[in-house]
Every structure is written in structure tokens, then in C-alpha cells.
């Protein structure tokens, strides 16, 4: 295991990341389009609305992530908060980059 | 001739070790002394087994010393209750005899080795005597025999602190013995007899007197001291810690158990359940004390740095379990107490033997000394692990059977607080056993230790340790005979009379 | 104590009578006040006196520690052996009646024998204890019963 | 001919115990045989056993039936044995004998517990799983692992003790120790429920999972992730099927661990939180209690064991090669560990319930059961959880470990046996998704359910794709929680901080109280008071050596106490 001090940009490079992102967008659009093309079997009624599943998937993640961002300052602590880290591991704390 | 031998067995169980002691002294050489020791121990173990069977068939075996009929002469009685205790004492003695040779050779100056054997034999004779005698004063005499020899045995420990510990034990033991004597004197004054069965029939008319009440108090306190019942336990940790390993192993497995037996022999047989637990609140007092013992001693055990000391504290906690069972004074409770009395003898004997084997190799018994010994002495360490699991009460070990029957009995008596205490104590036991196991297996050996840290203990020591461990597992897997015997004993005691 | 002539002379005179008195107490034990325990103590007291006046070394020469060890053991053996003998003869432990054809005789002799055993053991142990305490810090005999 | 098949000796659990013994004493060369071969043989044995109650043994006054073979227990036993073989393969390169012995004993106990026909047998093996599994944590041989292990063991044993006490009460109340539907209408039932709940990671009782699993060894975590919690799910399905209380409990379990998982840095801990969330699905299904729901719970347990095991295996491989699984330290590993990357993505897709992967067929059964019972609120909660599950662990784990920013690690690919085990597990994940019929055939109730209807597939794809889209947008906007070193408080704070602090406060106040009392005594200046003060004074309370005087004092106190009470 070696760790040269390289600092490549995040996610390969921003440019390369665009291809899968675009693909995902295309799939999403296709799935919205599919709403018109199949027979729905709703259990309750409200789950038969247009784009219900897509909306739930999208909104859930947005809300949950924002919630988690709120939560972190409240419960986040230093890695050796409980003082149980092994000597030697506890000292690693200062080094090592973090994201953003 | 054979029938005559069978008839004489109750006396022989005491006489053989008693006479083997002077023979050992005369033999003087270590190997000869050891041979006599082994012979005597296995002989009485065999006889104890035969007596156990005989008591099971006949209900009770009685023997009149000197041919004098019971109320006047000394009577030896073996009933289902003490037959089990007798089996424990002699069985542990027999295994101790295998263990003793290497352990004594390593820890005691060679010229004094024979003395350890002689004193052990006297101690065995005393304990066996306490167990089977049917005479109150005779019980005191045997108690003194076993006590005096154990003071001397503890004083022979390898460290200088052994002397002080033995001295403290001597003071406490003497006080306990004196209290017992005072108590026996008081009941003798009131009834004019010393035979237990006779006492039981003569006490009720005078039971309302303060003298008899005081007698019960003196006897219970005196014997509780010997049994290391909280808060009279304070002599025990030092005594067990500084005694030679073989002595710790033998005494921890037998001496306190026999003392507990004696307490309840007096309470149940002589004074009677209704008197001690009905008229007088002895049961409540003992239950409170045993509950405190379970928790306080377990906590103390967690903070020990010496394994022998840790085990000693755990013994005090376990005495709480035993007494709690007996003090319920229900058939289930008594049989649970008796079961744990036996099982704990087996568990603690095995654990002290394993620690003794580690001590044999390391010349130390602190937890730090044990670091990494799981690799260096795999067989002994494995024995300790199994013994430790039994102490915690893990299924398929004897300790689990004890825990199960004790909990059942406590539930039946609606003692929910004690249930909680017992569960808490068994959680605490995980911590202290876990500390030792962690040191044995998950810590590296210190670098500076090189030459003498490898290789197993001698065969004899391993054999004895594993025999006790095997007994633990056997009981854990097939407890029906033991439970049956304990239930018979409890039924006999609740029925009253010897 | 070498300069106390009176004490030395008196001791020399008294030791022998004490020993004889011990034997008297010993053998009259079964039907008059006395017995093995008392006799053993009296016997030991003679040796203790001797040791105090003439020194422990002298006492040790008179009665060596090895003898004490053997004595203590033998006494116990005599006691227990009698019991075993009664068993072998068909009685219970210490049932003296069976020792001799006549039960009373048997009782008589049986008691004398076991008292003798007790006496020997008590005397030996007493003297041994005296040796241990008196010899503390000065002399260490490997053979002494501690 | 096969008389022995009805005896206790024919238990697959015993076969695994025997394998543990063999591993302990035979040379390392043969270990593969015992670690992989014996579980496979035990699997064959399990299917050879006839249905019904077998293996009657008598133990301390109870008639135990150690082998109950029916649809439910056979399915669970089978997946346990299968995964024991897979983890055995995964751990072949581990030199530490102790871990192999512990994992075989652990697997054997779990199988034994599943096959238990009565509560006492269940308890015996229940304790067995607790004791044997802790060695997988201790085997990491660090101070921290030891502390965590003790904590883990205590919680496991508390669960065992509750089960034991509950069993005793239940037996006294009903006179039977049979392990069938127990219900919550008695004290014994509640205690047993609580005992199962601890191991199943009910909310507030869950934290031992996240505390302990990430601290075990590479191999140990994989093994741990399989047995204990799923055993609890089995026990709930057996004893508390149709208990309404389970539905809200399970619903809460599906959501809140995921929020924690979003901001957790240690990827094995992320997986532990997600494991907890998946248990919620099964708990809800058991709470519904209809045949379809129970089938769903069973099928999901099987699928879950496979894909979660696979994910833990891949993270184990990363830890093995790189030395850390902290998201903040990882990235770009797809270059050096391509195979592991693929396996991880397969595991992630299976766990996100992408059609043609295992969880799709099991999760939709549970959703369907909720729909048929018209439980709209819970249905929505589970749908939300499924959407969120596509992000953690679905995207978070593979993305931050293998892609994201290249941290420059140039390590070797995982050892061959690990790759083999991961490959086999990945294949099973896909196989279950593609051919659900084989799994359905094993389910305890007859299954006529079909997950692959057009609307199901499209709806599921919509859910997942838009969740992924949300992730991409959040990530691009730098709103996704960054991976920073640190730990997050959870309910373990209660016993790691609050409880010790409380005890310390209590100790200090009692010490000061005692000091004040002593002050009053010593002002009298009498000898006796000084003596008392020195006897009870500070310095180690119980454990120090007491003077003889104090000992005697206690004797007198106790005697006086007795006498006072008696007069």
C-alpha cells in the first residue's frame, strides 16, 4: 500500500462525471414518459397519482439529507470522544484531508 | 468381614486421613509422604462414594463411636444432605492429591513438604468429621482440627504476607470457634444433651427462652464467620491469595462449603425450620446479607489485579448465592442452595487449580503476569476459560444449572428483588472473568519474559484441573442425578429430624 | 542463668520428680483426676524448665527435635491404632470392650493405651512449640516441626 | 435406515461444533475442509431431516426438543448454513485459529437456536451465540476492541437473562416450555419480547449493533452481520407473529438509522446502520402476520443475509488491503480493486431493491402485504425508507469507497479466496432476483406472489432513479454531508457517558456525605470515634485489606444485630 501525494479532482474529473449524470437524467425522463404507457394498480388511490413514486424518491432524499445536515452539528463529536481509541490511532486525528 | 468393613466405613472416612497424617510425618520423605497422601485421599473418596450410595438406599447411615448408643456417645450420621457434601470434600481431596506433588515441590521448601501433606490430611479429617458427625460438641472439635491445620497451611504460603493473613484468619477463626462453643454450651445448658437428633426433640419446650435464641445467634454468627458470609468475609481474600496454590484450591472448594453446611445443619436439624425461619426472622437477615454479598463482592472482584484475589472475592459473592438458596427455606430453595454449594466447589476448585498451574509456571498470579499465556499454556488456559464460563453460568456448565435452579426457587418464593440482584451479579461476573480471559488470549506476552514462559504444567496438575472441569461439564449436560439427590436431601431436611 | 546457682541446683533436683509426677498423672488418669493431656503438659513443663535454666541447646541435646516429630506422630498413631484395632477385632471405632475377653478389662486397657498416645503427642507438641519460640532468631533446625 | 435422523445427535448445529473442534486441533492445511465442507454437509443433513419435532433430550427436569424442522426453521437453518460456508471461504486466508473456532461455534449456536423446539433449548443456544461471537470482536486485539467486546457481551447476556427469566415465568404460568406463539398477554411474554427486541435492534435498544460490528476483525464483522440479528427476527416470527406493536416499532426502525448512516464516516458502521434499517422491514412484516407478510419477512431475511454479507465482505476486503474503511480516507479504489468494486456494486444494487436483484423480490412482498392490509401510513414510511436506502448504502458505500476522489492508494486486489466468496455471494444475489421461484419454493407458506409485474418494475425504477437524481444534484451542489472524521452520538451515550457520570456523581456525593459524618464523629475526639473513622475511612472501600480490629467489629455488629432482632 502506498499513498503518493496526488490530488486528482473529485469523481475522476468533472468532465468524465457528466456522462453518467446525463445517462441518469435520460433514464429519469424515460421513466416519467413511461407513466403514460402502463396500467397502474394502486393500493390506496393516492399512489396512483402521476409520478407518485418518482416524487417520493426525489423528495425523500432531499429532505433526509437536509435533515442529516441539521443533525450532524448536534451529535457529531471528535473521533476520540469516549477516550477509547487505542494509543497511536488517536494521534492520527490531525492529519488526513477531509472533503470540501 | 466385608459387611464389617462396610459397617465401619463412617468411622474410617475420618480415621484414615487422621492416621495417615502421623504416618506422613514418620515417613518424612516427600515421595513417600505423597504416596500415603494419595492413598488416603482416594481411599476415603471411594468410601464416601459407597456411603453415598448406602445413604441413598437406606435413607440414613448411623454409626456409634465406641459402641455407645447415640444420646450418650458420639454418633456419626450420613443422610442424603451431608452425603453430597462428603462426596464433594473427599472428591476434591482426591483430585488435590494428584495436583499436590508438583505444586508443593515448586512452592514449598523441600524439607517442609511432608508437613503440608500431614496438615492437609488433618484438614481433610476435620472437614469430613464436621460433615458427618451427629454430635454438636464433636462438630466443634472437628472444626478446630480443620481450622488449626488450615491456619498453618496458609502460613506456609510463598510470600511473607502469608503469615499475616494466617494470623488474621487465626484470630477470626478462633472468635468464630468460640462463638460456636458458646452457642453449643447454651443449648447444652438448656437441654443437657449434645446429640443433634436428641437436641432437636428437646429444644422445642424451651425454645421461647432468651438463652436458646442467643444460642442460635451465637452459632449462626460463629459459623457464618467460617463460611465467610458477608460481612464476616474479610479474612478470606488474603487467606486465599497468599496460601500455597494447592491449599487455595482445596480450601476454596471445601472449607467454606462445609461451614455453610454446618450452619444449615444446626438451623434445619437442630433448631428446626419453623423456629429459625418462622418464629425468628433468620431467613430475612440472611437474605439481605446474601444479596449485599452478591453485589458488593462482585464489584470488589472487578477491581482486583491479582487473579487469586479476584477469585476469592468472587467466592464471597457466590457464598451469597448459596446462602440465599438455603435461606428461602423452601424445598426448591434448599436444593438450589445445595446444588450451588456442590457446583461452586467444583468451579472454584478448578479455577484455583488452573491459576495454581499458571503460578507454577510464572511465579506470579497478577493479571498482568498472565498476559498472553493462552498461547504458552493452551491446556491450562482453556481450563480456566471453561471454569470461568461455568462461574458466569453459561449453558452446558454446572454454573448454569445452579443459576437456573436458584432463579426458579427465587421465583417460586416471589423474591423478585433477589432475582434482579442475582442477574446483576452474574453480569458483573462476566466483567471479572472477561478481564482474565482477555489477558490470557488477547494480550501479547511482555518482551522481557523469555525462557521460563513456555510449556505446560506437569501432568498431575493438568489431570486434576481437567477432572474438575469435566465434572463441571458433565453436570451441565446431565444434571438430573445431582438435582435428584439435592431434592431428596431437601425433602429430608424439611421433614425435620436427622 | 549460669550465675544463679540456687536455680540451677533446684532445677536439677526438681526435674526428675516432675517427670515422675507426669507419669503418675498419666497412669492414674482413667479412674482419678488426670489423664493424657495433663500428663503431657506436666512432662513438657519439666523439659521447658530445664531448657530455661540450662539453655535451649542443652534441652535440644536431651530431647532432639527429630524425636519430637516422631513422638507426636507416634502418639497419634497409638490413639488411632487402638481404634483401628478395635475395629479389626469386630467392634466399632474405640469400642474397647472387644480388646480383651472381659469387657471391663478391655475398657481399662483401652483407655490406658489411648491416654498414653494422647500424653506422648501433647508432650511432644508442647516441647516443640517451646523450641520454636525459644529458638526464634537464634537457631534454625530444618527438622523442627513448625 | 435413517433412525438416527430423528435423534439429537443428527443436529446440524452439532456438526458445526464438531467442525470447530476439528479446526482447533488439525493443521491449517485442512481448515478449508472444515470451514466450507462441514457447513455444506450440514446443509444436506438439514434437508434430509424429516419435518416435525425430533431430538428429544431430558435435561434438568425438562423434556427438550432440540430439532424442530418445519418450513420456517428449515429456511432459516438453510440460509445460516449456506452463509456459514460462504464466510468460511471468505475467511480461509485468516491465520488466527481462534476466529475460525469462534465463528463455527457461533454459526452452530445460531443454527441450534433456529432448530430449537422449546424455550430452554432456545435459551441455551441463545447464550451460545452471545459468548462465542464476542471472541470475533476481541480477536482484533486492541484495547478498544476489548472494551467494545465487553460492552457487547453484557448487552447480549442481558438479552439472554431476560429470555431465561421470561422462560421461567412463562413455564410457571402455563406449565409448558414449548416455543410457539407466545403473545404479549403475560409478564413472561413481555420479557421474552424484550429479549428478542434487544437482539433484533429495536429502536433505543439498537445501538450495540453499530457499536460492536465495525470494531470486529475483517472476517469477524462479516460473520457477525449474519447471525445474531436474523436469529432474533426468526424468534420474533416464531413467537410474536401478528403482534400489532411490532408494526410501529419496525416502521421507526426503517427510517431513523438511515439518517445516522448519512452522516457516518466509518463505512462498516454505515452498513451496520443500514442493517438495522433492513431489520425494520422484517419486523413490520412479522407484525402484520399474514402468510404473505411472513413469507416476505422470511424471503427478505434470506436476501438480506446475502447482500449485506456481500457488502460487509467488500468493505472487509478494503479494510484488509488499505487498513481503513473511513470514507474520509478512501476514494478511487476502483483502479486497484476492480473485482471488489464490481461485487460491491452488485451488493449495493441488491440492497437497493433494483429489479433483477434479490431484495426487489422480497421487499415488494412486504410492501404488497401492507397494501393488501390497507396500512397506508406504514406503507408510505417503508416506501420512503426504500427510496433513502438507494442512497445509503446503495450509492454512498460504493461511491465513496471506490470512486469519488482518488486518494492515491495503489493496493493489491483482494485475496483470491475472498474474491471467490464475494463472487459466489454476488451470484446468489442476482440468482435470487432473476429466479425467485427457487426461493419461493422454500418459503414457509405457499407463495403465489409475483414481483415482476410491469407496474411494480416501473414504479420501483422510478423511485430509485429519482432518488439517485436527487443525490447527484445534492452532490453537485455540495449539499451532501461531507465525510469528516468523527463519531456521532447515539443511544450508546446513555451507558457510555451518562451512566458512568451518574455513578461518579453518586460516589462523590456519598464520599462527601461520609466525610461529613466522619467529621461529626471525629470532633468528639474520643478514641472509639477515631477508630471508627480509620476503619471506615476513605481509600478503596471494600477491596483493601481490613485490619483485624475492623473484622472483629463486624462480628460484634452482626451478633448484636441478630440479638436485637431476636429479643
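Labels A, B, C and D are assigned to the chains in the order they are written; within every chain, residues are numbered from 1.
The definition used in the following text is that a residue touches a chain if its C-beta (ideal position, glycine included) is under 8 Å from a C-beta of that chain, and two chains touch if they have at least 3 such contacts.
Keep in mind it's a predicted model, so treat the numbers as computed, not measured.
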Starting at subunit C, what is the smallest number of hops through touching chains needed to reach subunit D? 2
Which two chains are joined by the greatest number of C-beta pairs in contact? A-D
Nearest whole angstrom, what separates the Cα centre of subunit A from the Cα centre of subunit C? 96
From the mean C-alpha coordinate of subunit A to that of subunit B, what's the distance rounded to whole Å? 64
Report, in whole Å, the distance between the mean C-alpha point of subunit A and the mean C-alpha point of subunit D. 26
Between subunit B and subunit C, what is the separation of their C-alpha centroids in Å? 34
What kind of graph do the touching chains make: line, ring, star, complete, other? line
Using the touch rule from the top of the page, what pairs of chains touch, sorted by label? A-D, B-C, B-D
Within the complex, subunit A is touched by subunit D residues 142-144, 147-148, 258-260, 262-263, 321-323, 328-329, 332, 370-372, 374, 376, 379-380, 383-384, 387-388, 390-391, 403-411, 453-455, 458-472, 474, 476, 478-490, 496-497
Spell out the part of subunit C that touches subunit B in their complex, as residue ranges. 69-70, 72-77, 80-81, 83-84, 87, 90-97, 142-143, 145-146
Footprint of subunit D on subunit A - complex, ascending: 1-6, 8-12, 21, 24-25, 27-28, 31-32, 34, 38-41, 43-44, 46, 51-62, 64-69, 71-72, 75-79, 81-82, 84-87, 89, 93, 96-100
In their shared complex, at which residues does subunit D touch subunit B? 58-61, 98, 123-125, 127-128, 131, 138-139, 141, 145-146, 149-150, 153-154, 157-158, 161, 164-165, 168-169, 172, 542-543, 545-546, 548, 550-552, 554-555, 557-559, 561-563, 565-567
For a test of understanding, state which residues of subunit B touch subunit C in their complex under the given definition. 4, 8, 11-12, 15, 18-19, 21-23, 25-26, 28, 63-67, 111-112, 115, 152
